[in-house]
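The following blocks contain the structures, represented as structure tokens.
Below, chain A partners chain B and then partners chain C, in two separate complexes.
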Partner chain A sequence: MTTPPLNPADDAFAARLRAAGLPEDAFRPVEPRYLEERRGLLQGRAGLVVAPRVTEEVATVIRAANTARVGVVPYGGGTGLVGGQVCADGPAPLVLSLERMGAIRGVWPEENVLVAEAGAVLAEVQAAAEAVDRLFPLSLASEGTARIGGTLATNAGGVNVLRYGNARELCLGIEAVLPDGSVMHGLKRLRKDNTGYDLRGLLVGAEGTLGVITAAALRLFPRPAREGTALMVVASPRAALELLALAGARVGPGLNAFELISGQGMGFLAETGCTARVPFTDLPDWAVLIDLGLGPGDDPEAALADLFEAGAAAGLVSDGVIAHSEAQRAGLWAMREQIPEANKRVGAIGSHDISLPLSAIPDFLVVAGEAVARLGPYRVNAFGHLGDGNLHYNVFPPEGRTKSDFPGAREIVARTVHDIVAGFDGSFSAEHGVGRFKVDDLARYGDPARLAVMRAIKAALDPQGIMNPGAVLG
Partner chain B sequence: MTTPPLNPADDAFAARLRAAGLPEDAFRPVEPRYLEERRGLLQGRAGLVVAPRVTEEVATVIRAANTARVGVVPYGGGTGLVGGQVCADGPAPLVLSLERMGAIRGVWPEENVLVAEAGAVLAEVQAAAEAVDRLFPLSLASEGTARIGGTLATNAGGVNVLRYGNARELCLGIEAVLPDGSVMHGLKRLRKDNTGYDLRGLLVGAEGTLGVITAAALRLFPRPAREGTALMVVASPRAALELLALAGARVGPGLNAFELISGQGMGFLAETGCTARVPFTDLPDWAVLIDLGLGPGDDPEAALADLFEAGAAAGLVSDGVIAHSEAQRAGLWAMREQIPEANKRVGAIGSHDISLPLSAIPDFLVVAGEAVARLGPYRVNAFGHLGDGNLHYNVFPPEGRTKSDFPGAREIVARTVHDIVAGFDGSFSAEHGVGRFKVDDLARYGDPARLAVMRAIKAALDPQGIMNPGAVLG
Partner chain C sequence: MKVLVPVKRVIDYNVKVRVKADGSGVDLANVKMSMNPFDEIAVEEAIRLKEAGKVEEIVLVSIGVKQAQETIRTGLAMGADRGILVVAAEDVQQDIEPLAVAKILAKVVEEEQPGLVIMGKQAIDNDMNATGQMLAALMGWAQATFASKLDVDGDSATVTREVDGGLQTIRVNLPAVVTADLRLNEPRYASLPNIMKAKKKPIDEKTPADYGVDVSPRLEVVKTTEPPVRKAGEIVGSVDELVTKLKDAGVI
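Up next, the complex of A and B:
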């Protein structure tokens, strides 16, 4: 299918929006913040920025855009890592910011449900849950800025997916404006609803290409009464996986997070002056951060000590630290959480948000490590959500040099890493999405039948191609 | 969109299948079992029955059916409760049975993943998981007959959804044959894969109208080391919900199931000669069955006793039984599990698989009870998966009479109950799907924008309308 080119979001279109009833205060200046990719990887364009206050205004905007064939780029917190929120090519689009739709529409603690508008900041949603003694478990580095609509549109992950699932699994229902401007009312507060196709699941993760999520019913959970954290030194990634299985059997469903940390990552913390302290004299090659959330009658420190002993007896664990206070817990987590900052300070040649079948991870690390070494004198920091099979496989220049010393390396490294991932039946995007940066990867590695269905759905729901043009399917 | 009428699956079409290479042993006699709805509610038709042995044969069948415009009814175990597997109208379709594709293609205990073909019986999948000391938690009354493809196509629920999610959440990836006969290869063993639209989630629950699931990668879990079960008498459904919240806070994530049982249901057990024994001298109005699965260091009996005491102190629980042996656990579960059989023996005027926002359940039960009483001298057995907000709200004739004494009541009762459910923002199908019996309900209660999207997707993926004609969208 070919569609005619889109039209720019120009003054004439602004006049149409006004004529359609969009109030003046919805028009925002085209500020740089709407056009910048945070790492400077893409410079966006916009003919207009609008920030509606209510769903009906969003519908007015989309309906007008569909009629006028104007591209619409939905904009949440701007923290996406794959360029999904920044449109650099084609006629200047309209940026649709959800920033003024940030209400928590309701909280039902007895149902463990919260309904938030798309513009609510993730940390505010977490706080609204905490205010009624509940947990909204989605937790990301960017949670102080990311908005819930964007985290749903990208099906965001984070550190608690192991226990609670990703954004899609935390979402019971959505309200969304479809590409024709109609409003899909689906804010059901239901755990089970088998009445036709799962459009909630389809729009979640569609990165704004099939419509704009305007509000969502989100799952809350009881707050774990007792929490505990440990850092354990493991002999190898394979030992880490065996420890994960041991934790599943011994600790059961209270395992919140199981994060892999590499010696390289710990080294970067010191190298870049991060404040987090590594609690070992000699940096180990590999460690895992284990976080538990248990019931009021449980003792997480004892459970972690038991796991440590079992791991040591099995030859998996050689050293470890169990937090004995909230401050110590925070210190261990700081180590994990400052690694992305340390990475940024070192300056990655390439960052790869990959996932693999769990049992393939040890072999992948060997094969990929050897392949990257053949490309140049690079350093690899592979870390992340081991419990989910999700690694951030980041490649860096050697000490004393910068990524600008290796022009062109980014593409070669990415292709090498992603080819190896594909060979292990893995994914080139575990939690960040496709956006604009990985459109070529999707075309290359995606199953042809699956791609054909995606294109057919896109053409059926958005025949003009106005929604987030250029994202996901290109 | 109007599509031309389908053609019958006649001898000429059989010849085309043979010419396309479908082997002779794939053709099956058109036996009654493929055409019967288990409760006799619908008499199906079929021009041909085929049972392919491999995915490529399924693709051959679908490709030929698409070319010849012949309707295809996918057939698993035949246990669906909404007529999705039985086509009574229109040109005689082809029934595509998955019964010969029952292989477990692989088990990865260290990944907690199993790949099964669509024809694998659910109980066999459970057994394959148990054989490697893992749990596949999907559990249904019909698990000895239901096949995994059908449970996925209908996004089946069951007693463990509270803890482990429904079929969609237990499925990591699928292989499916699409309406054009292409094969979507998506058997990823990945916990996270954000590479475009969630077609796995779309085909799961689409009831065979968008393609045929031929295999699935399924999530396994560690088997809970210590399990426990209790039956507690609660003062009211509201008290049951407060006890559920208490259980969430005190027991945490080890809560496997939280099932509501009504005094009427317990009465039916005795009335119909079921073997399950109610462990109370006087039948209570309401009770809940609580099932825990905890870690090796935990004591489920103590946890249940603690919950009982807390519930009693809060005035929620007045009596109870905690199982002290596996035999006692089985006895308590038998009570819950024999209720559908007792219902069948009494003979329901109408069975309603509904879900509600949790906090709406007490008011719903009052309003619906009054409305049903106004319709006639009926008895109501409302029971089921309270933790999921999912009730089976079944309406029966008074003692000594049968449903045939109340001609026409079925439709009026269903409309009354479903109208009230809709008024409480509930769903007319929590876990059984739409099939053919609830097509009118979907048209009546479905959000118009959502229905339009569903129709657009159906038309885009299956423009000839060959896949399970008449199901879901009519």
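Up next, the complex of A and C:
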């Protein structure tokens, strides 16, 4: 885009914000936490950090930024994995943190709706739903830190997408401040509202490039009365898919999650001293974690045992364990949830958040495995939300070596993996977004017509390019 | 040697307990029930003894409602050999008191002649911590309670007990009653292939009358109340705000 360069968020701009009425307590010290990228891949910059308390203050900030042509980086919990919340280049931007806008504005249990401000921490929203005996099903390992605005801006997925959908599908309406400082009041608590373009759907997943989400109306669900969890050893990824189909046929919508875990991932848990206990003496190559949520009269443990029996008869499963208490359910889930931590401790050369048509997954794993092996003596930990066709395909150095022994490998590995993904008609970013790390991937793999529309939308809503400069479209 | 392990079906440890509106007890309708966690530890210990070649057979006993059969099945899937279900109540709300349970267990022990009874130190629902001691007394056996380590050697057992301020190691002659504490072991998951096999393992069904024991309650629950709720904290934005709030509250 040929917009003039932005200006830094300097003292003069701070003075303009004060003059525009932004109260003193909204100004925050520029602490390192706003500028860190969790894997140290970027060092962020900021001229100013502000944390407004109400939507009107957000509008004041954005209006002033638009007038002064100052870049704005919306900041939620800072857990994003693609560098969307960390701006390293260009004039020092303003970081706009939603941390002081954490209120739950209302809960309507009879409507199954909750309205939360963008700064509400995901775990707090889950707790507010639980307090009225409802479920807010969005669930990620980062839920103690990630904020609603951030999860919507990235259209986060997590472990319950199979049953309840991703963040966009859980959102009925949003309130947002657009790049010109106007407030879009869209907190509709409606399930049906066919009145023109879907702007809620547009701002969700825009990663802060089209405006600041300030509040959202979110969908709640009845809590499943009976839940059960099992870990089953499958013969292969193809067997895992067949088991998924079998599970769908038997328990239908009761399937909460269907997560693939590799033997490599289980090995990493032990290798890195994670606390989660792997319940097998000999590590299997592949296992699936299956979680069911059924009605009050149902018995998920029996349903899981029946599924195992049917799977065994079909030659799909050979071994497995079942949780027979909530403590054991938590134990099995801990295994799945600690894999990212184990990965971090081992130190990945590259991590790829990919999605594929379900039936392409077994072939993809073979083709990608062979291609990665040709690049070097790497170890692969492929795991994730198999039920959604979403794999975290992470590549690691061999045992005893570190990623620094393989300079330059990151880019080659990513290119190789993403090219193969594209060949299978998959996506190079299933749930983490584009941010700053995947801008080149979007340019390379994105459909040209679609990219042109995205640029036109960006230019129409944010002609000065102040919103999250450098993210998504570059 | 044969080991007997009593297992109780209780409200799951992680379920949020709700007191019934009339205060007569805790609402158990439609909540997740599991094996008492200390009993799970007892079952695990018995299985480890069997795996070490010191025990030939593990018999589980559960006394309660018919659904306690599921609790026995869980233990069988972990690795126990057979079960005895004593159906002593029809209403899931009814708890059988420790003395009645101990009397039934004493009769089962007379029939089965185990060399060792391993049981949980207490049930997490009523927290009585009495059944093991009562059973030992009724049988005139040695008792080793709150075990965190158990070694069986011929006709005696060495047991490390968790006592106030430390550990105590005692030797008891067998047969004996050992009650399991939290740190004795970490119970295994029930394996799915074993669940299939456990379906074929036998469970004998009995009633208290078969043992000539009267299970009618001797205790009366006068009242059940929720623990007082902790007031929610509040996050303040600055030190000044904190000071103001503390002053308002009259604390400083």
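Keep this in mind: the second predicted complex is superposed on the first by the 473 of 474 C-alpha atoms of A that agree within 3 Å, B and C clash if a C-alpha of one lies under 4 Å from a C-alpha of the other, contacts with A are read in each partner's own complex, and residues count from 1 in each chain.
Just so we're on the same page, a contact is a pair of C-beta atoms (placed from the backbone, for glycine too) under 8 Å apart; a residue touches a chain by one contact, two chains touch by 3 or more.
Every value quoted in this text rests on a predicted model; they were computed, and no experiment measured them.
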With the two complexes superposed on chain A, say which partner A:P296 touches: chain B (first), chain C (second), both, or neither.
both
Applying the document's definition of touch, where does A:A225 land relative to chain B and chain C: first, second, both, or neither?
both
Give one of first, second, both or neither to describe whether A:R100 is in contact with chain B, with chain C, with both, or with none.
second
Touching A:V132, do we find chain B (first), chain C (second), both, or neither?
neither
With both complexes overlaid on chain A, does A:A14 touch chain B (first), chain C (second), both or neither?
neither
Decide which partner touches more residues of chain A, taking chain B and chain C as the two options.
B
Tell me which partner A:A305 touches in the superposition: chain B (first), chain C (second), both or neither.
second
Tell me the contact category for A:E326 with respect to chain B and chain C: first, second, both or neither.
second
If we overlay the two complexes on their shared chain A, which of chain B and chain C does A:V439 touch? Say first, second, both or neither.
neither
Which residues would you name on chain A as touching chain B in one complex and chain C in the other?
225, 296
The chain B residues in contact with chain A across the complex are 108, 110-113, 154-155, 157, 161-163, 165-166, 168-169, 178, 182-186, 188-199, 201-202, 204-206, 210, 221-222, 224-225, 241-242, 245, 248-254, 293-298, 302-303, 306, 355-359, 385, 387-390, 425-434, 438, 441-442, 445-454, 456-457, 459-461, 472-473
Which bits of chain A are touching chain C when the two form their complex?
25, 100, 225-227, 230-232, 277, 279, 296, 304-305, 308-309, 312, 317, 319-328, 330-332
Seen from chain C, its contact residues with chain A in the complex are 12-15, 30, 32, 34-35, 37, 40, 74, 77, 186, 188-193, 195-196, 237-238
